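Consider the two complexes below, in which chain A is the common component and chain B and chain C are the respective partners.
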Partner chain A sequence: MNDKKKKILLVEDEKALCLLYEEELSREGYEVTSAFDAESALELLVNGSFDLIITDIRMPGKDGIELITNIMGLRRDIPIIINSAYQSYKEDFMTWAADAYVVKSSSLEELKNKIKELLES
Partner chain B sequence: MIEPFAFLSARFEKDVPRELSVLSIISQSFFKPFSVEDNLLVILTALTSGSGVGFNRAMLFIRDGDRLKGEMWLGPRSANEAADIWEVLSTPGIGYVEIIEHNRLLVMNNENTLTHRIKNLTFGLNQEKASIPSLAAMRKEILLVRDAANEPAVDPRFREIIGSDEFLCIPLVSSEEVMGEIIVDNAITRRSINLTDVRLAGLCGLLAGNYILTSRLYQRLLDAQKMAAMGEIAMFVSHQLRNPIVAMGGFIEQLLRPDLPEEKKLRNLYIIKDEISRLEKIIFEMGHFLKISLKEPVWFKPWDMIDSILNSPDISTKAESHVLDVKIDRHEIEIFCDPSSFGEALRNIIDNALEATPPGGCVYLRGYPKNKDWFTVSIRDTGRGISNPDKAQLLRPFFTTKEKGLGLGLAFVKRVMDSCGGKIDFRSRLGKGTIFHLTFPCRQVKGAEEKT
Partner chain C sequence: MSELRKDLVTGRWVIIATERSKRPDDFRRNNLDRPAERIGFCPFCEGNERKTPPEVYALRPKKTPPDTPGWRVRVVPNKFPALNPGKPVQKLTQGVHQWLPGLGVHEVVIENPDHKLELSELPVEHISDILGVINSRIEAIETEVQYRYVQVFKNKGREAGASLSHPHTQIVATPIVPKRAKEEIYGALQKFRQLKECVFCRKIRQEEEEGKRIVLKNEKFIAGTPFASRFPFEVVIYPITHSDHFTDLSGKDLISLASILKELLGKLKATLGDPPFNLMLHQSPNPAASRDPQETAAAYHWHIELFPILTKVAGFEWGTGFYINPVSPETAAESLRTGF
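Showing the complex of A and B:
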């Protein structure tokens, strides 16, 4: 791994989950920036550079699927992981545009593995 | 000039052709909120009323799988009783509701009624040597029996029960299958059954068959809707529960690490405590919404309830930072609703209005009679307003615009209003605010007219 920390943009409206993910992913050596809604995520994307995006789907205002559509028009090179409490959104074909779909779980192992896999490929 | 006519007459029409009279009687059953049993009774009434087809007696079998089961038998047991019944039915001004009420007593299942004699009677529909009435149902044909004593297809057991030699079997045919059968006779007057009788009875059979089919399909639709709603609820609940559980699990995971600094241990415990309260709140609200079976509406004066909601700690605390402007016309009236549901509904709407309005803003509550039959409570806020796409979904369960709402408040209000025959409507403009109108049935308090 090179010295420069990989940057992750986390889009999640649950404040407690943001805090948990920030701490856990920092422990893995990533730099995490959180956005509580899609609008502020898009602002951060325009002004900053990120190596990976993790997004929830159900959020107040614009939902995760709309966010992915917007990101597709903006940047196509950043891998996206959907992290939702719902299994069923997999049926929405727009979620296929994401690189991975991880259902929320109290063990963050699967999410961490997917991040690693996508950043190393 | 425009002349209006009512679709249905509430009275038996005596001076119209029999065909029209039968249609008129049966049509009532599709409009009146009777039960399926009552509506079938209406059809038997059409078959036996003098102004209808005019048979003496009519028995009804309902199909249950591969057999016909005796359900009810309408008619007099003797000539004397026949005279009594016909006297009742020819009372001037008697309407459908009274006649159905009268006939309901006649077909009740107790030892003295005709119904009791056929209640345990069944006929198989897949026998090789089928007897009447199975034969009519299996062949989907109206069968007229002229001489039951000498007819081999007539089961001796059935002949003993019906006790007459001439009767007509009408299978209740629907577009899908045979739904049952009606058997009519003229055991009292001994009048011979003619071709017009057969035609009219056939018409009743078709209507009854399709009515039974429609009511069964409707029941299936209701069941399917219930299942779909349950699925939606299950999905929503699993999502609502998952977020706090994931957070708790993650922070507990951290607590189990030996190197976690002391201050973080305490912080994690507080986060877990908060998430537990959130779970409790979700479970409480879900249970509250799903379980409460609304109580029957009653007539009551709503003033005390309105005052107690406005003075309740949760509303008055929230209202401290707002201007809450209340004007209620306290007339001598009563509204029709379950008082505690009324209070809950009002609390929900006021709560939403206060939450939507920024501190310092105004919330207006008005109560006024719309006319002599309706009383309206209006709540207007000066908050953010509701967008057009949200308006369409606003009253649906689980729809919310709040960050941590379950979306059950307005769905509950809608349920309350439906249960008392009232109305909920709203108007809203983005950035300007929203006004909700809850309109309840109302009436003058007895004795108040004399006083005023």
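Showing the complex of A and C:
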């Protein structure tokens, strides 16, 4: 078994939420790096290596859908989870570039299950 | 002077208010009107098959495996659907309210592998293949009686609701017959009892006699602007021979339909400068799940509605159900026929 911690890039403009996710996901054994906007996320991606990306959609500057399309131009092998408070973005077929869409909720169980599923597949 | 016109089948009234406008040519768009495409990646393009759910149907060379390049038309389920397939369910009640679990089918027909190749630019044979694929999917979905209505629609352009410009059509099957379909079928049944024949067949005959709202006609189909058009340049395509369901079409019919559709889209492009549009198939409900399939089959007549998005639906329309149309259907038909 590979003991190396899986690295997650979290793109979320709400800093309090980032802290919560970092804490919860670290407890699951993941190494989480947060970016508060799409531009910083792209910079981190160019300079670092990640096993999975979680991104919000509604963010200042580039939105999450634009970020995903940019990521597709850089590399397509990293699984992406959209984590938005809104269901309505599901109607945008560009979200298909992501591997999963998890609507934000008070419990992170669905998100944790999806992370596990994607990292194991 | 404006005119109030009533749709014979639905009973819906529209206001043809030509003095509010504008010549037909004023609706022509130029390139600057179009919102820029914001993407550099498209999940529908050939080579990106891994980004879609596994295909449920495809036209591809026999030697190519599913979900690989080489296809001509590809159908995939919606990756993040609002409705999910499942077993038949009963309507549930909660006090005075009714509800159902979100049962349904939502599929996307990717019309061709090339992101930029519009439906109107494809050869007639390819359009016929797309229509044949849609036909096959409707047949497959309707084997399951929990899906009472299959809706086929195409949104082209952002203003028409398309989130991606790669040409595609959507198929949505629902466990209930939608209100608009129900109203149209109810209206057709009422008129059938009164006229002792299909009201759409009667309308087609009258349109052929008058001629002024016909845009195109071939041996099997007729396209024209409805007498009570809700929107400028709204067009309807009818099969000339009576039929209530799209799946009645044979191979030759598909070629004829593909041909009139291509020509019509070409005329819209030439007259209005490639406008965004919505295209919808109206057909009878799943016959396997209908209470009176025979009477509906006799009274209803399937058709395709197409309207370019040239005006905005606003408070008056939402509030009253009336529509105000600034271009008379006669003027619109003439413009489309002549290209001016």
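Just so we're on the same page, the second predicted complex is superposed on the first by the 120 of 121 C-alpha atoms of A that agree within 3 Å, B and C clash if a C-alpha of one lies under 4 Å from a C-alpha of the other, contacts with A are read in each partner's own complex, and residues count from 1 in each chain.
One rule holds in what follows: a contact is a pair of C-beta atoms (placed from the backbone, for glycine too) under 8 Å apart; a residue touches a chain by one contact, two chains touch by 3 or more.
If you're wondering where the values come from, they're calculated on a predicted model, not measured in any experiment.
**Q** Let's test your reading of the overlay: on chain A, do chain B and chain C clash or fit side by side?
**A** Superposition result for chain B and chain C: clash.
**Q** After the superposition on A, what does A:Glu28 contact: first (chain B), second (chain C), both or neither?
**A** A:Glu28 sits against neither chain B nor chain C.
**Q** Looking at the overlay, does A:Pro60 come into contact with chain B only (first), chain C only (second), both, or neither?
**A** first
**Q** Touching A:Glu117, do we find chain B (first), chain C (second), both, or neither?
**A** So A:Glu117 meets neither chain B nor chain C here.
**Q** I'd like to know which partner A:Glu43 touches here: chain B for first, chain C for second, both or neither.
**A** In the superposed model, A:Glu43 contacts neither chain B nor chain C.
**Q** With both complexes overlaid on chain A, does A:Asp13 touch chain B (first), chain C (second), both or neither?
**A** In the superposed model, A:Asp13 contacts chain B only, not chain C.
**Q** If you stack the two complexes on chain A, which partner ends up touching A:Asp92: first (chain B), second (chain C), both, or neither?
**A** second
**Q** Would you sort A:Ser106 into first (chain B), second (chain C), both or neither based on which partner it touches?
**A** A:Ser106: touches chain B, not chain C.
**Q** Between 43-51, 169-177, 277-285 or 313-321, work out which stretch of chain C sticks into chain B after superposition.
**A** 313-321
**Q** Which part of chain A faces chain B closely enough to touch in the complex?
**A** Against chain B, chain A makes touches at 13-14, 16-17, 19-20, 23-24, 58, 60, 85-86, 88, 104-108.
**Q** Note which residues of chain B are touching chain A in the complex, please.
**A** Of all residues in chain B, those touching chain A are 235, 238-239, 242-254, 271, 274-275, 401, 403.
**Q** Would you mind writing out the residues of chain A in touch with chain C in their complex?
**A** Where chain A meets chain C, its residues are 66, 68-70, 72-73, 87, 90-97, 101.
**Q** Where on chain C does chain A make contact in their complex?
**A** Touch list, chain C to chain A: 38-41, 43-44, 51-52, 79-82, 108, 163-164, 168.
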